[in-house]
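The structure appears right after this line, and notes come after that.
When the chains are written out, they are named A, B, C, D, E and F in that same order, and each has its own residue count from 1.
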Amino acid sequence: MSQEADLINEGLSLMMFGMGFVFVFLTVLVFATSLMSKITLALAPMAPEKATPNARPSVAPVASDPSSDPVLLSVINEAVRQHRARRQ
Amino acid sequence: MSQEADLINEGLSLMMFGMGFVFVFLTVLVFATSLMSKITLALAPMAPEKATPNARPSVAPVASDPSSDPVLLSVINEAVRQHRARRQ
Amino acid sequence: MSQEADLINEGLSLMMFGMGFVFVFLTVLVFATSLMSKITLALAPMAPEKATPNARPSVAPVASDPSSDPVLLSVINEAVRQHRARRQ
Amino acid sequence: MDKLMALWTGSGLYNMDAGSLTMIVIGFLLLYLAIRKNFEPLLLVPIGFGGILANIPAAGLAYSAVEQLAHVGSAAQLDQLAAVLGTQFENYKQILDVYYSAPAAVKLTAEQLASDLNYNNGMLYNFYSVAIGSTVAPLLIFMGVGAMTDFGPLLANPRTLFLGAAAQFGIFATVLGAVGMSSLGWMDFSIEQAAAIGIIGGADGPTAIYVSSVLAPELLGAIAVAAYSYMALVPMIQPPIMKALTTEKERAIEMVQLRPVSKLEKIMFPLVLLVLVALLLPDAAPLLGMFCFGNLMRECGVVDRLSDTAQNALINTVTIFLGLSVGSKLVADKFLSTETLGILALGIVAFAIGTAAGVLMAKLMNKLSKTQINPLIGSAGVSAVPMAARVSNKVGLEANPHNFLLMHAMGPNVAGVIGSAVAAGVMIKYVSAIAG
Amino acid sequence: MDKLMALWTGSGLYNMDAGSLTMIVIGFLLLYLAIRKNFEPLLLVPIGFGGILANIPAAGLAYSAVEQLAHVGSAAQLDQLAAVLGTQFENYKQILDVYYSAPAAVKLTAEQLASDLNYNNGMLYNFYSVAIGSTVAPLLIFMGVGAMTDFGPLLANPRTLFLGAAAQFGIFATVLGAVGMSSLGWMDFSIEQAAAIGIIGGADGPTAIYVSSVLAPELLGAIAVAAYSYMALVPMIQPPIMKALTTEKERAIEMVQLRPVSKLEKIMFPLVLLVLVALLLPDAAPLLGMFCFGNLMRECGVVDRLSDTAQNALINTVTIFLGLSVGSKLVADKFLSTETLGILALGIVAFAIGTAAGVLMAKLMNKLSKTQINPLIGSAGVSAVPMAARVSNKVGLEANPHNFLLMHAMGPNVAGVIGSAVAAGVMIKYVSAIAG
Amino acid sequence: MDKLMALWTGSGLYNMDAGSLTMIVIGFLLLYLAIRKNFEPLLLVPIGFGGILANIPAAGLAYSAVEQLAHVGSAAQLDQLAAVLGTQFENYKQILDVYYSAPAAVKLTAEQLASDLNYNNGMLYNFYSVAIGSTVAPLLIFMGVGAMTDFGPLLANPRTLFLGAAAQFGIFATVLGAVGMSSLGWMDFSIEQAAAIGIIGGADGPTAIYVSSVLAPELLGAIAVAAYSYMALVPMIQPPIMKALTTEKERAIEMVQLRPVSKLEKIMFPLVLLVLVALLLPDAAPLLGMFCFGNLMRECGVVDRLSDTAQNALINTVTIFLGLSVGSKLVADKFLSTETLGILALGIVAFAIGTAAGVLMAKLMNKLSKTQINPLIGSAGVSAVPMAARVSNKVGLEANPHNFLLMHAMGPNVAGVIGSAVAAGVMIKYVSAIAG
């Protein structure tokens, strides 16, 4: 067999093995994760930290605008008020 | 003397020298510290920064580290900004 | 020529070349910078971010470090404390 | 007078050649894309700047001491080097080829010679050796990414892992493309190089850098630039493909709200993943191990100090050095070749195929199951976190203004990170099995 | 097909053995203790995770290139290695023993061979070399701890230094125990190893890691795990001993309020300590020098930027690497031995004896002086900052609800840190005097 | 009993000599100046502390393994070392001189011998090798300084660059002074050493450390101490000179308000500077390249994470190690020599001449142009950011209470940083042209 065909064969077999393994691995992970979730929830019945739909936006830590949060604003106002009081 | 007894002897003498030295060192440190405090207080008569009983809790920085709480951080940033704005 | 005179000559020529090059370089930089500013302002006519006289105090970041301002620190601490208290 | 000559013959102007000039222009182009067009600026600003520094003529910042000797040594010095390497000096490329393939003991002797002749490693060469040569920088970035990743959406709907698996098809199709190009005689890629190029399709910067540093360090510059550039282009590359492969009705599918996920599940997930890696694919252990470690630090709740540092000071520091180090691989005589064009062409094909495979997989899953998923979230399986998930969301909103896919797309999105790290492990294993 | 075989024979499942499995279970146990039981999580999370990574079969993350070669090399490669080492290959343990004791020049040749045969250092091995092999990580942790330590309570009542001295008896008693075990033939500890084991009784993580990295790196894993585990167990180990050695009346002693301490005193203290170290015990200079440096940065008030970084980003980064590096010493064939059981047994005895010695010293001081101290603060002399001081406070409150001992116990607590660093210096000096 | 002897003969008291004692006192003096007098505390606290640590007798923290062997080895060991170096042992200075000038292969053999004889590198020696020997620490400091520098005032009035150029006259005049001293036989400075001493006049710490680490590492301690001390003394050194060279009327000149500077100009400036460096002076590329990189990160607005880390955690960490490393060069037998006195004398002359040259240049520019500048801002051209600019402001206010020169003086101030980095590049180029 020519060297070129060899290389193509290597590529093909890497593709098959590779994709195959990725699917096997992630399939096992799907089952393992589901099993883990079931056991976990059985052992410690849901004291949900937070519902995911409202969870913090994962990989984007920069965001969060303080001026749009009334609770935060009141904290700030309180801090500032106290600070002024203290300075007098 | 057997090798075992040798090792025991080494251990015993390490214990004696070691404990002895630790005590000598810390005793010297007690005197040096007391002397230092006397000289210091004579030179610069007490302008006590803070009374120690109320001092910050020294070696436990984790709980009080605000930078690990993003919400808190934004509160702080806002407070700082407002404080600066007000100072001008 | 003696070795001493040699060293002196080296020093003199380093001074002349060095100072000369520094002036040439910074003169070129003056012209390049002026040119750059003109082109820049022609391309994007001034939407001045901030007037420099009031700009942040450049190479002195320590002053703007909140942890070096005790008044500011107390404001922050107060804000943190209140926010924590409120969350509980 | 000869000092004035030295100043002139040592200047960049005197030594400038077309290659260096081209690469400096490319460096500025990367900076322009990063700063003005917001193309992955955290990486492309350091990479672009490092690329400019690496190509400053006569500065040799990207060269080792031996490489500097080979480039600018006197005839006598080059003969000494050739003698140490057991060859005759012809030109710097030839002597360096001998050096690169010499046994470690000979390399050490050559380094000692360069040191005795007062040559030093360039700054960027040192950065590269420490950050990438040791593989530590991509691993620490991966740890930081783990500490920033919320697996909640994935745990709420683990089936989305299949989408992350399917999108890796882009990787392997690209490997095939690369060996195909070599077979046609267009390029000259080895199987190691083809594997390293394929990983661009993983749409995951640190994974791409890690794999190419292990399998094909000579292509690292082009691979990293392609990976980050195309990740930035995801909002342009993906939507046409997504729309071509789906009907209006499919794009309008609304998904059921994700169930809440408990804290304990989030703690257990990185450990489950770690166990699977340990059992099935030890070659992925450095990458996925550090990723799981970062995620465990994030979720376990008792080491917030460490998690915070991993997500901030540490990852930022490493990013600076990683970027400059990648830039050091943009020296003209390594980067300017037809191979680079091949890599850029293959890279975009990889992204397109990965996107398509993800979308088609989602449609297949809808055929096999009653719970319908919106096929638009399939494209997020290529990784490119969180850009690809945002693209899914945006295209979804165009089809149905009540259709908020962002959180649903985060599942396949982070699954894609796992998928490409697994693919990386398989390729390293496979290629080293051929070599060994 | 043979690639499929390679994947299978290279998997963790295929290569799993009882030792690795046991160590992985131990790693998970450490994670459980750290996360659920809050056992010194800052260290035990990275240590436990590192231990799991180190034992992933066929990944070899904790091995150097030469060790990898010895473990998985082909017969021909092993013969080459044996030739370089001037011996015959029997098994990997024998060849590695020859390698470990070879002169530096031979070691270098073996490393060059491994490099030529395409073996690389594992990730954790690199972390260990940089962080612990160079001793830099424990020293930086100590600098950070210095920057976090307030010596105010100690300065207000310097006599409490005696309590910190007495509690070090645990260290030396344990050394005696270790050599005793060896004499009885139960274990086989050298005097270096005995000294390194003893330092567990110092109840101070970085000191223990520093000493064992210098005197007995082969025991570092077990010693670090024992030290941190028992530090976490202080609230369980100490109270029974404290109660057994004191009367109800003694425990109820209220102490006079501490005098305020001036800023200048706090600045001067690390300098006084440094001078004493310089004059009396240069061998403790790295440890106590960095500790004093950290404390001076904290107190001097003019380098708050540096102090802040030393207490946060820097110590956190170092902690991550230190923990993973310690974990690399939990590989099965080094950790699973009767010696480890001996170390665990001796460690808890060390804590108990140190606690008792501190309490008894306090009672002795009450005999010799009119100013009464509550003997419960003596137990804080073992270090384990600030846990031991909190234990003193808690037991004190049980005896007398108006008895707030926390600040009084901080004095002996930080004195214990100094005491065990001094003990470390003495042991290093003593043992090297025997060796030299 | 012999262990007690070992403890005593190994103590600092027993080994103390006049040199070490003197250096320890000097270390405390530096700490006093830093903490009480606020002399550049960020550097002088670590330098002073490092100096004390380096001079602890018998600890050898600043020595390499080979240096330790040469200092404290037994007669037999020293003969082995001499044999490796191909000489006879006379005393430790002679043997180390042979070692320092040996080829790299011989050095490696000597290091292997020291390792086989159980000598290790001292802590501070390791810090020095990693931080300064590799030149990485001054470069990272420069990156951080770039990220902290606002070029706005300079861009608003680019002519102030001439002031930054003129003030570099202090550098070259000092070089001349140093070679003059050598010619007169007072000192024995080579041209490399003279160049390294001259850079003190640049009033820029990292530049001075970088240049002397490249050209004259043996003088680094004295040069760094002189540079930072005189930078702290700027408020005392400069005003008399400024007043002597200006009239009351000149000092009262009010300057027109600076024009606003656009964001885009600020982004472009570091790139323009980089191009000029690349074209004209590649030898300044490491220093000015990192400086421009830091400034670009600051201004480009898309990598604030990185800029923030470069200005905080990273620069603080590097400062700690840089300071301790400089301190390691304060060992008695290197620092206590007449050369140090010469360096200190030349350093203050350099500052004075630089100040005068800046002021005179400003007066010359007033002669040549209609737009008048206050000559007091000329003195800020020496760098010493931001101290020198504050001095200009203060002296200006004394002459005219409405005269706020601070922002105007920031222009020449940062120009001085560029100027001395350019001067550094020229000197490295020139001196290596002589050597090559």
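Everything that follows uses one rule, which is that a contact is a pair of C-beta atoms (placed from the backbone, for glycine too) under 8 Å apart; a residue touches a chain by one contact, two chains touch by 3 or more.
Just so it is clear, the structure is predicted and the values come from calculations on it, not from any experiment.
Student: At the chain E/chain F interface, shared numbers over all numbers used: above half (same) or below half (different)?
Tutor: different
Student: Please indicate which chain is farthest from chain F, where distance is taken between mean Cα coordinates of the chains.
Tutor: Farthest chain from chain F, going by C-alpha centroids: A.
Student: Could you pull out the chain whose C-alpha mean position is farthest off from that of chain D?
Tutor: Ranked by distance of C-alpha centres from chain D, the top chain is B.
Student: Of the chain pairs C-F and A-E, which one is connected by the greater count of C-beta contacts?
Tutor: It is C-F, judged by the count of C-beta pairs in contact.
Student: Measuring centre to centre with CA averages, how many angstrom lie between chain B and chain E?
Tutor: 19
Student: Rounded to a whole Å, what is the gap between the Cα centroids of chain B and chain F?
Tutor: Measuring from centre to centre gives 33 Å for this pair.
Student: Could you please state the distance in Å, as a whole number, between where the Cα atoms of chain D are centred and where those of chain E are centred?
Tutor: For chain D versus chain E, the centre distance works out to 38 Å.
Student: Could you tell me which residues belong to chain A and also touch two or more other chains?
Tutor: Within chain A, the residues that touch at least two other chains are 17, 21, 56, 61, 72, 75-76, 79-80, 83.
Student: Which residues belonging to chain F are in contact with no fewer than two other chains?
Tutor: Touching at least two other chains: 3, 7, 280-281, 312-313, 426, 430, 434.
Student: Which residues of chain C touch chain F once you look at their complex with the stated criterion?
Tutor: 4-5, 7-8, 10-12, 14-15, 17-19, 21-30, 32-34, 36-37, 40-41, 43-44, 46-53, 55-61
Student: Quick check: in the complex, which residue numbers of chain F touch chain C?
Tutor: Residues 145, 148-150, 152-156, 158-159, 161-162, 164-165, 168-169, 171-173, 175-176, 178-180, 182-183, 185, 191, 194-195, 257-266, 268-269, 272-273, 275-276, 280-281, 311, 385-386, 407, 410, 413-415, 418-419, 422-423, 426-427, 430-431, 434.
Student: Inside the complex, what are the residues of chain D that reach chain C?
Tutor: 3-4, 7
Student: Considering the complex alone, what residue numbers of chain A touch chain E?
Tutor: Spelled out, the residues of chain A in touch with chain E are 13, 17, 21.
Student: For chain D, which residues count as touching chain F in their complex?
Tutor: Answer in residue numbers: 2-3, 6-7, 10-13, 15-16, 24, 28, 31, 34-35, 38, 41-42, 45-46, 49, 52-53, 56-59, 61, 109, 111-113, 115-116, 118, 123, 126, 312-313, 316-317, 319-320, 324.
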